Structure formats: structure tokens, C-alpha cells
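Input: structures, listed below.
Look for subunit A in each of the two complexes below; its partner is subunit B in the first and subunit C in the second.
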Partner chain A sequence: MTLTVRDLSIRYGFFALLIGLALFFYAAEPAFMSVRSFVFVFQSVAITAILALGVTGTLVVGGFDLSIGSVAASSMMAASYAMVIWGWGTVETVMLCVAFGLFVGFINGLIIVYGRVPDLLATLGTMFLLLGLQLVPTAGRSIAKGMILPDGSTATGSFDPSFLMLGRSRLFDIVPVSVVVMLALAVAIFVFLEFTRWGRVMYAIGSNEQASRLAGAPVNRYKIAAYMISGGFAAIGGILLAARVGRGDVSSGNNLLLDGVAAALIGFAVLGAAKPNAFGTLVGALFVGMLLQGLTMMNAPYYTQDAVKGAVLVLALLFTFAMTRRAGS
Partner chain B sequence: MQTGQAAPANNRVLEIAGLEKSFGPNRVLKGVDLSVSAGEVLVLMGANGAGKSTLVKIIAGVQPPGDGRLTLDGAPFEPDRPIDALNAGLSVVHQQINDSVAPDLSVTQNLLLDRLCSGKAGSFYSPRRARREAAEIQAILGLSLPLDRAVRDIPLADRQLVAICRALAENPKVLVLDEPTSSLSQREAERLFGIVETLRSRGVAILYITHRMSDIRRLADRIVTLRDGRITGEFRPPLDYEAAVTAMLGETVRPAAMERGEAHATVFSVENYQLKSWSRPFSMALQAGEVTAITGLVGTGKSEFAEAIFGVRRPAAGEMRLNGQPYAPKTSGAAIEAGVFMAAKDRGTNSLIPAFDIARNLSLPFLTRRSRAGFIDSGAERHRAKRTIADLSIVCQSETDHMATLSGGNQQKVVVGRWLSEPSTLLILDEPFQGVDIRARHDIGRRLRETAADRATLILVTEIDEAVEVADRILVMSDHTIVGDHRTGPELDLSLLLAQVAGDQTAENMPKVQESAVG
Partner chain C sequence: MKLMNFTRRRFAGLALGAAALLSGTSLSMAQNMPAPFDNAGDVEIALVRYLSTGDFFQAYLTGVQEQAKALGVELRVLDSRQDAALQADMVDQAIALGVDGIIVQHGLTESMTAAVQRAVDAGIKVVAFDVDVENEAVPQIEQSDRDLARLALEQAIADNGEEFEAAYVYVPGIAPLDRRDETWREFKEKYPGIEEAAQFGTLDNPIANSVANQASAVLRANPGVTVVFAPYDEFAKGVKIAVDEAGLSSDIKIYSADISTADIQAMREEPSAWVATAATNPELIGEVSVRALAMLLAGEDPGHNVVVPPTLVTRDMLMEKDINNMDELSQKLPQFATTDVAKPDWMPATGE
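What follows is the complex of A and B.
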């Protein structure tokens, strides 16, 4: 098989861009190519990437999950509430939050599969619902040690130091725990999607649902499971966020949805996959992180960040859909 | 039938000469000549994939012709867009009624849709004027439709009348009706026939596309049959319906050339089985080692029967037995588990995964057997794929080729190969030769016969020559019930079989048919 220029650019164009950008930043600011700088890039995208890896699961079955941002935020609030107000330990809290994420995913799946509500609308609804629900237990206040509760008493619990380590400590004094979690989840979901029969069926469903059903796949169960993966991953993201911030902040997590979805969609362009894939999602998240890190080091103002991310997303989508479609036909 | 005689040349409104159309390497129309005269109902008959819908799309201006000449009322007719065809005096009512109406708009707005879209109605919409014009339009057919209701709230048959009225609003010279009765009840169809007769008497040239014998008997002034992109027959009064069916389904009906299978124990049976609450109950049994074909026109319930056996549809009544045990699968997964496989018709929609390569398409239903602890053994998967490719002579570069790179025949081989890659108790193939060239058809048929010994094989085909070619036994389905049971071979009574396919009324003409057909 001969590779044309187009084939090559579809396959490796994105990596060429990545390397080109890295070299550009290095030339402009040599400190960009340092271990510290790299670790910072990884750390800055860890939580976003975890959400993006989860939403990749729903994209694979041909769905979409808009509720990941508010699941993460709710999970953060739940973790803070459990520790500060109920005085729970780390293990119970983590289990509670993950169970919460899985439950929301399960509900999303039920609404979409059995309620026949289109995925975007169903998850938009749960997103809205959770944004409001997370404010109810504390009457809209952020959760911190020693806060005054709605009934006038003072909260007695505090964040367990072992919980805070999840967000703040580093493995071998270099790699933050959140980055380790991100890499572990990335490997797990990559292996799951690429090498197991469950992942294979999920891709089949995303490509032709009817044919998958007639090949014997329990399509409804797979779709619900995909939303549970996405909810569970988002909840883990929320746990790490709570551990990093050390308080249940009502306003954090605003950008998580857009950043996560953008990373997953940019991932379509990686290696010319033109489909959701875990490796691409991770690279997509890192690409955005690197770009922002580079621009920040070059003193680009912080308020340009969203515009840069949006531009990257539009370019990546054009790259994926315009080029691969033409090559395919 | 007042216009039975051959229409004089100057009476021809729509003329088509040498029409060609190809999609890639696939020649769909191979030089079609056709003309429709004023005040005539010309019935165009054709089985699935004969090229009917392509023909309609070309004259409706949806697709450009590949080659050939179209004339409307003596002037060259080259519609680039549907609106051009409409302005030139040709209206089309498509088979999918919901494609012809905007469901959320009112009946009034739907009747005026062409005027609204073409800008003839001006920039501002006046409800009063619209209502007046809509009332005028429906007066053409003397109807009283609920003008203010949304189309989505009125019955399907009424929606179709809306579509027909709309088509008549611009006073067309030619009206094309594409399988208009396919979703109508008997009474609704009667009303439609009345309207078609009214239009005929007013001098509209009507091209009526169908393969329903009841429509044809009621309306046809002339019949033209389309098969495999060519006109295979033209019938003028007195109309020989039998011959028309033969011309539509294949002139090459001939005894099979393949060796027959030997029937063993009964594998699968149904008792007092009813596909629909109104259909006549039937019983049948399938034997191991035998290839049984069910034939019958489109829409007579073949696929419904297959889907019921495969667990994706529930019958109205009756029970199934598999190897003597009661069998009632709730899902396709349960059917596969029990050893009942089905290769569904329409491979693009129901079988193939476009994102997957050949090997992955082949293994999809059997991933549990191809994996250990959930991990797919991709080496074994590719190895098996190579074997299937060799067994069925699939033309490809390798087992990692994607579906889009394969021809239709080879795609179909992948579908059949998928279900042959594991042993089954009952294998159902719904239209396995759909859109497949003669060579691929032969490869598939040969492989089916080679592997048929240990299972019962059930093939659903509309084209009788396919059934004769590959099957040991042919069942005929009509009106959702089995009406005939034949053995293939020299003793096969083809004329009786054809009569059963064409429906009861023709069966009464049997003596005459028997003289003429077998020789």
C-alpha cells in the first residue's frame, strides 16, 4: 500500500503539529523543555483528561454525555460534605463519590435507552439538575473546615490528610498522584476499548446499532454501561478536584465539561482515527495543556485561553471530518 | 379500461429513451426505454433492486441521469432539481409518505408547500389566502381534509392524500406514484384507486410503480416490467399477469444445477403459527441437511417470519420447537445461544459494521468464543477470517480491508461467512443474493450447500430462480401465511408455484397457464 501525502498528513499531521509547537515554545522560552514544565502540563490537564476519557466511552457507543462537568462538581461537593460535615474517612468518601457517579450514569442510561430521550438532551437535563442539587445540602454555601451550617451549628469534621494527599502529594517527589491516576485510568480504558470483547462491541454499537443488535449484542445494557463509565470517571475527577482544592467550592469545575469534551473530540484527529479513542483523548488533553503552558510562559494573558482552546477544537474537527471524509470516498 | 389500445405517438407525454445510470462500478439502469401516454395508467413492475427507485429519482430531478434522453410533452426534459420537474409538469408521490409531507405543519401549509418553497406565494404568509388556495386544491379531488390540523395528527392514508393533492396542485401532466398502497388498508387503497381513475379520465398520464397484484389487476392499462436495470417485458390488454410476474422475477427460471441435500430429522417446526392476528395460521417443519427456500412477493411476511424465529419479533400466535423442545427466544442473543443464526436482509443497515475490517465484521456475534477472560485472541480472529475469505472466495487485499473497499457481492459474502463461521442448528438467510452479481451468488450458493449437511437452512428470496437454484424445497408465502410447498428438481411444477406467488385469483387460471409455461 502506498502512502500518499494526504494519508501521511491525516495519520501524523497532528503529531507533527504537536512537535512543531513544542519546538516553537522551546525556541521562544527554553524553560519550556524542562521536567518541571512537563509535570506541570500533565498536572494541569489530569482532571480534564480523566473526564475526557470517561466521555470517550459514551462517544464510542455513539452517545454523548454533557453531565460530566456537573457530576464532577457534585462529586467534589459530596466528598467535602462527607468529610467536613459527617466526618467520614478517605475510603468511605471515595467509595461514596464513585457510587454517586455510577448512579448518575445509570440514570442517564435509563433515560436515554428506555425513555428514548436523545442523549444530548437527556444529559443536558441531568447536568442542569445536578448543578442545582449540589447547592441544596449547604444552602448554596461552599464547604470548608469549621463552616457554619444552615442550622446555625459549626461543622466539626475536616478533610482527612490522606484524602488531601490524593490532590497534593507526589510520587517520588516528582509525579503528582492525580497524574498517576490519570495515566492508570487512561491505560485501563485504552485496554478495555481496544483489546476486550466488551470494548469491541461498544465500537460496533457506535458504528451500526441495528447490526450489532442483530449480531446478538445486548445493546441497551452496553449503552447504559457506557454512561456509567462516563459518570464514574467524572466522579473520580471530582474527588481529585476536592483533594486538590481542599474545600467544596461551589464555583469550581465550571470549565470541566467543555475542556473534557474538547479533549475527546480533538482525540478524533490523532493518528487519523476519525473516531473516539482513548489514546487520542489523552493526547488531545495533553496538547491543549501544552499549548496553554507555552502561551502562559510567553506571557499570553489568561483570558485568551478559552479562545485558544476553541480554535484548536475547530481546527481538529475540520481536520478529522473534512480530510478523512474526502479520503474515504 | 378505456385506453387499452396502443396509444398514438403524439399522445405520449413522458418519453424515456436509453436511460443509463451507474453508481461507481454498479450499473443500475442499463438503457431503459419507457413512455407514458395521456389518460393511461402504466404500471411499472420490478422486484427489489431492479432499479425502480433510481428511475423515479431521475425523472423527479433528485439524481442526474447517466446517459439517455428524457422528453416531456415533446420538449427535452432535464430536471436538475425536483422543483424543475414540478414546473415542467411532472409530480411525484414518493413511497415514503413521510418524505412528502412536513409533519409539524398544517394540512393547509402542506398542500401549499411547493408554492411556499418556490416563492410563488410571495414574501408574506396570509393565513386566509392560504386557506382559500388549499380549499381549491383539495377540491380538485373533491376531498374534505381537516385543513387546520397538523399533518402528524392525521392518519397515514390521509397524509398520503395530502401528498397526492399537493402533487396535483400544480396541475401536472404526469403523475408518478411510487408504491402508493404499500402502507394502506384495503379500504384506503380502494379510495386511492378511485382517485387514480378520476385522474386518468381527466387525461393525466400516470406512472404507477408497484409489485402488488391487486393494484395491478385493478388499475393497469399497460404493464412494463423492470428487472436488473432493463425492461424485460411489455404487456398490453388482454393483460397476462402470469407472464408479467415471470418477466419481473426472472426469465431464466430453470431447474437447479446443484446436487441436492438429504433430509434427516426435523430440526425446527411451527404449529398453528400466526404472524399477524389477521393472517391464516400455518404449520411447517424444517429438516437437517436440507436447504429450504421461502419465496413470495415483497411484503408478504417472509422477513417477519425470520425475525420471529430469530427472537427480534413476536408472532401473534402459535409456538415454535427447536430439536423437539419448545423454543421462544426473547432476544437475538438468546437465539444465537440456541444455535439459530440469521443473516438479515439489507446488509448495509442490518449486518455490516462500517467502522470494522473484514475480520472484525466476521467475528462480531462470536466474540465470547473468540476471547479469553474478555481479551480477544486477535491472532485466532485473523486466522479464521483468512479461512472464511478462502472458503467463500472473497476478493480483497487482506482480512484487514474495510467494508467500504469491498464490492456489494463481497460484502454479502462477509455477511454469509460470518454466520457460517460457527456451526448452527438452524441458519436463516434473508435475501442472501440481494444486490449480488452472478458469480458471487454462485460462490455463496456453493458454500451454503457444502456446509448444509449438519443443520437446517432456511433462505428467504423474492426471486424464484434463486430459490430454484439453491434450494431442495420451496415454500411459497402469500398474505403472511404459507400457501405452497414444492420439491425442486425435474418434477417441480413451476406454473403452480408462480400462480401461488402471484396470488389466488391467478391460481384460478391455472389450466391455461400450465399449458404455456413449462415447455
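What follows is the complex of A and C.
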């Protein structure tokens, strides 16, 4: 089989762009090409990528999850609350947050599958719900060691050093733990989606739900599971965020949502997959991270960054939809 | 002024609930106060808010509540949660409720000017915090952003001399940051030895995390930077994360503005590059807002510009006096906790 220029550009165009950009930044700013620099690109996208990998799971079954940003933000608040106010240890805190993410995903799934609420609307609802609820325990305050509680007393707990390690320490003095977590989750979801029967069923549901149901797949359970995956991943993102920042910041997590979704959508274009896929999502996130890092090093003003992100997304979607369809027809 | 998320609305039910609790009033000091405060229980004031989410605004509200309680007046809190049109409607609502005084907290000049004029026409006394309502009859409560920036930069020069390579964190278009930026530019002119190697900044949420990512890239592209001027505490927190991750905590010094308990903890870390911040106590601004309004109601003149002075807080101070949170900061740095601004003799102090 010979590949035409179009096939080649669809499959590898994105990688060519990636390498071209890297060379451009290297020429403009030699500090860009160093091991630390590359590690840093991974670190800067780790949290976004984890959210993006989770949302890929819902995209695969033809759904969408708007609540990931607020799940991450709430998970960050929950982790901080558990440690600073209840004085919990690392293990319990991490388990609490993951359970929280899974629970939110489960509720999302129930609302969508049994309540028959369209996915965008259901997750929009939980998004707002969480944005408000995360502020209730502290009456709108950020959480930090030694904070004054609403009842006037002072919080006695503090962040466990081993918890902070999750966000701050490096393996072999070079690879941050958050990057390791990201890669591990990426491999897990990649293997799950591409090589297991469950993954294939999920893709089948995404392409034709009715047919999958008639073929005997338990569609409802799979869809609920997909939302639990994205909730759980988002919660893990929130844990890493809390560990890096070292406090529970009041924040909406909307930028996390937007960046995560953008990475997953850019991923459609990688290797000409034209469908949600874990590998593409990871590459998409790294691509955006590299661009932002290069632009920042070159002192580009902050507003160029959103513009560039938008341009990349549009370009990637054109790759996916226009070129692949023409190639197929 | 503390920045917050500009795109999000949040519930403020708790704030309203807290305000409702405070409406039971104390009359203990009533004897010594001028009219109408000799009968303070009958005086009602309204706080009309534009911004409410975040530590700064929470603390501001506490200050307003404490001073209102000390005076024994009724306080109503109306929170528009970043809806400019709603905020204007709320002023009309307050007029309809027949309140005696209104505090306008933030908002947009365009939407508030007319609404405030209607209130003044209705004989209601108004003060405004951090929003210019273009009205001679309305005292402007301000924290001085220029003084904040000046205090932090003077400390930077005291610590580092007049020649250093600096990185600067700034996002244009945000009023308090623009005012702080003016001071930064003045300093660069005054001290030509200050070289601005890089400028960056973002308000992407969570801000500290996004700024950390940028700062990391900037510090690697500009290894000669020894001073970072980050005149907003979320920026400073982000830069500190990047500095820690790069292992440069003892080579770089961060100067910022604003403070919170979380910031105090970050500055106290061992080692910490965040060496100084200039801040105005938001609780104090809340108290001064109520006091200025009370002076107006009593027929006194607080002046057109009521400026609450900032305080410089350095890492050394925090360590020496063992300050761990905002309460201890107020106890151990009295200039942070109290001010004589808008404080006639009859004015009751808070916390009694």
C-alpha cells in the first residue's frame, strides 16, 4: 500500500508541526532545548492532560463532561479541607478525593442515563452545583494552614509533607511526580480503550448507541462508567493541584475545563484518528504546553496565548473533519 | 484590591445569612453618640456589593459587619455577584427600602453613577469603595495602590541596591494592577539600574498554577533575574512555586502586594523567596467604609478621598514575631489592625 501526500499529511502533519515549532523556538531561545525544559513542558500540562484523558472517556461514548473543571476545583478544596481542618493523612485524603470524583461521575451518569437529561445540560448543572458547594464548608474562604474558621477558631491541621511531595518532588531529581501520574494514567486509559473488550464496546456505543444496545451491550452501565472515569481523573487532577499550590484556593477551574477539552479535541487530529483517543489527547496537551512555554520564553504577551490556543484548536479540527472526510470519499 | 475570577458567579447565601444574624443589635454605646446614633437601632445601612468571592471580600464584609455592630445599626447586604445591571437595581431597591445610608463596594462607573445620583437625590448618604461614582457628595474610600507598590519597591531597593535584573508580573486592564504598574514605571525611570528582563502574567484560573507555569519558563530564559515584582499575591504565590521548583529560593527575591493567611504561610516557608508584601487590611477598609458613612449621617465630613494606608509586611517580621495568620498579624502589627482614618472621638471601636 502506498501512501499519498494527503494520507501522509493527515497522519503525520501534526507531528511535523510539533517538530517544526520546537526548532523555531530553539532558534529563537536556545534555553528552550534542554532536558529541564522538556520535563517542564510535561509538568505544565500534567494536570490539564489528566482532565483531558478523563474527558476522552466520555467523548468515546459520545458524551461530554462539562463538570471536570469544577470537580478538580472541588477536589482541591476537599483535599485541603481534609488535611487542614480535619487533620487527615495523605492516604485517607487521596482516597476521599478520588471517591468524591467517582461519586460525582456516578451522579452525572445517573442523571444522563436514567434522567434522560442531555449530557451537556446535566454536567452543566453539576458544574454550577459544585462551584457553589465547594465554598459552603469555609464560607467562601480559601483554605490554608492556620486559617481562621467561620466560627472564629484557628485551623490546627496542616498539609502532610508526603502529600505535598505529590506536587513538588521529583523522581531521580528530574521527573516530577505529577508527570509520572499523568503518564501512568495515560497508559492505563490507552490500554483500556484500545486493547480491552470494554474499550471497544465504549467506542461502539459512541458510534451507534442503538446498535450496541441491540447487540446486547449494557449501554447504561458503560455510560455511567465513562462519567465515573472522567470524574475520577478530574479528582486526581485536583489532588495534584492542591499538592502543587499547597493550599485550597477558591477557584472555578473553568480554565482547566477549557484547556482539557481543547487537548482532547486536538487529539482527534493526531495520527489522523478522527475520533477521541488517549494517545492523541496526550500529544494534544503536550503540543499546547510546548507552544505556551515557547511563547512565554519569548516574552509574548499573555493575550497571545489564548489566541494561539484557539488557532491550534481550529487547525486541528480542520485536520480532523475536512481532510479525513475528503480522503475517505 | 484583590483580584478574583472575573467570569464566575457564586452563591453568597452564607454572607447574606451572616448579615441576617447580625441584625440583632446592641445599644450599649448609644448614649455618647451624636444623632441619629443616639437611637442607633433605627438606623439602617445597606452594603451593595459587586464582588464578593474570595478572601479579600470576605474579610471586607467582616469589617463592615463588625463596625456596624459596634455602632448598633442595622445592616443589609445586597450582593450582585458581578452583575453590573443588578447592582444598579439593588441601589434602587435600597432606596425603596428606605435605608439611611448606602456603601457601594466596587462596580462599574458607567452603571453606578446614575443609580448613586438617584440615592443622593433621595436624601440617602452614600460612600463608595474602589469605584468612582463621579459624585461630589460621595466620599471615595480607597486603598492606595500606588502606595502599596511604592512600599514593596522601596523594600526591594533597600534589599538589593539600585541595580538588579527584574522580572515583572502584570496583566493590563485591571484597574488596581494598572495603578500599581504606574508606580513600577516611575521606579524604573528613577532607578535606571533596574533592568526589566521579562514581563509576564495571566489571570487563568487557578491563577497561582498558571503563573507558576509561565514563571518557570521565564526564569529559565532569563537566568540573571534576581528580583521578581509580582504586585498581586496570587502572582507572587505562582512565582514562588516556580522558584521553589527550580531550586532558586535563595537566589531570587519576590516582592508583592496584598496578604492573606495562606500568603503568610507561604512567606514563612523555609526557605522562601517571597520576602516582602505591602498590604492594606481588607477588614480595616470595611470598618473605615462604615465609619465614613456614619460620619456623613451624623453631619460630619470625612473628606472626599478617604485613604486607608497600607503596611509593609516582610518575611523577617513574620518570623521574628511568630505570626502565622491574619489574626496574629493584626494583634502583633498594630498599624495593620487599626487606623485613625475616619475616626472621630464618638466612634465606637470594634470587637467589644
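The rule is short, and it goes like this: the second predicted complex is superposed on the first by the 326 of 329 C-alpha atoms of A that agree within 3 Å, B and C clash if a C-alpha of one lies under 4 Å from a C-alpha of the other, contacts with A are read in each partner's own complex, and residues count from 1 in each chain.
The rule we apply is simple: contacts are C-beta pairs under 8 Å (C-beta built on N, C-alpha and C of every residue); 3 or more make two chains touch, one makes a residue touch a chain.
This structure is a prediction, so every number in the text was calculated from the model and none was measured.
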Touching partner for A:R168 - first (subunit B), second (subunit C), both, neither: second
Per-residue contact with subunit A, leading partner among subunit C and subunit B: C
Touching partner for A:K275 - first (subunit B), second (subunit C), both, neither: first
Contacts of A:A204 with subunit B and subunit C, given as first, second, both or neither: first
Subunit B versus subunit C as contact partner of A:R213, first or second or both or neither: first
Subunit B versus subunit C as contact partner of A:S9, first or second or both or neither: neither
Subunit B versus subunit C as contact partner of A:F195, first or second or both or neither: first
Residues of subunit A defined as touching subunit B within the complex: 1, 195-198, 200-201, 203-204, 206-208, 210-218, 275, 328
Residue numbers on subunit C that touch subunit A, as the complex places them: 4-5, 7-8, 10-12, 14-15, 18, 52-55, 57-58, 171, 198-202, 204-210, 212-214, 216-218, 220-221, 223, 237, 241, 244-245, 260-262, 264-266, 324-327
Interface residues, subunit A side, partner subunit C - complex: 29, 31-32, 34, 36-37, 40, 43-44, 47, 73, 76, 131-132, 135-136, 139-148, 150, 154, 168, 176, 241, 244-247, 249-256, 292-293, 296-299, 301-302, 305
Subunit B - residues contacting subunit A, complex: 310, 312, 331-333, 335-337, 342, 344, 349-356, 360, 364-365, 367-368, 370-371, 374-376, 378, 397, 404, 418
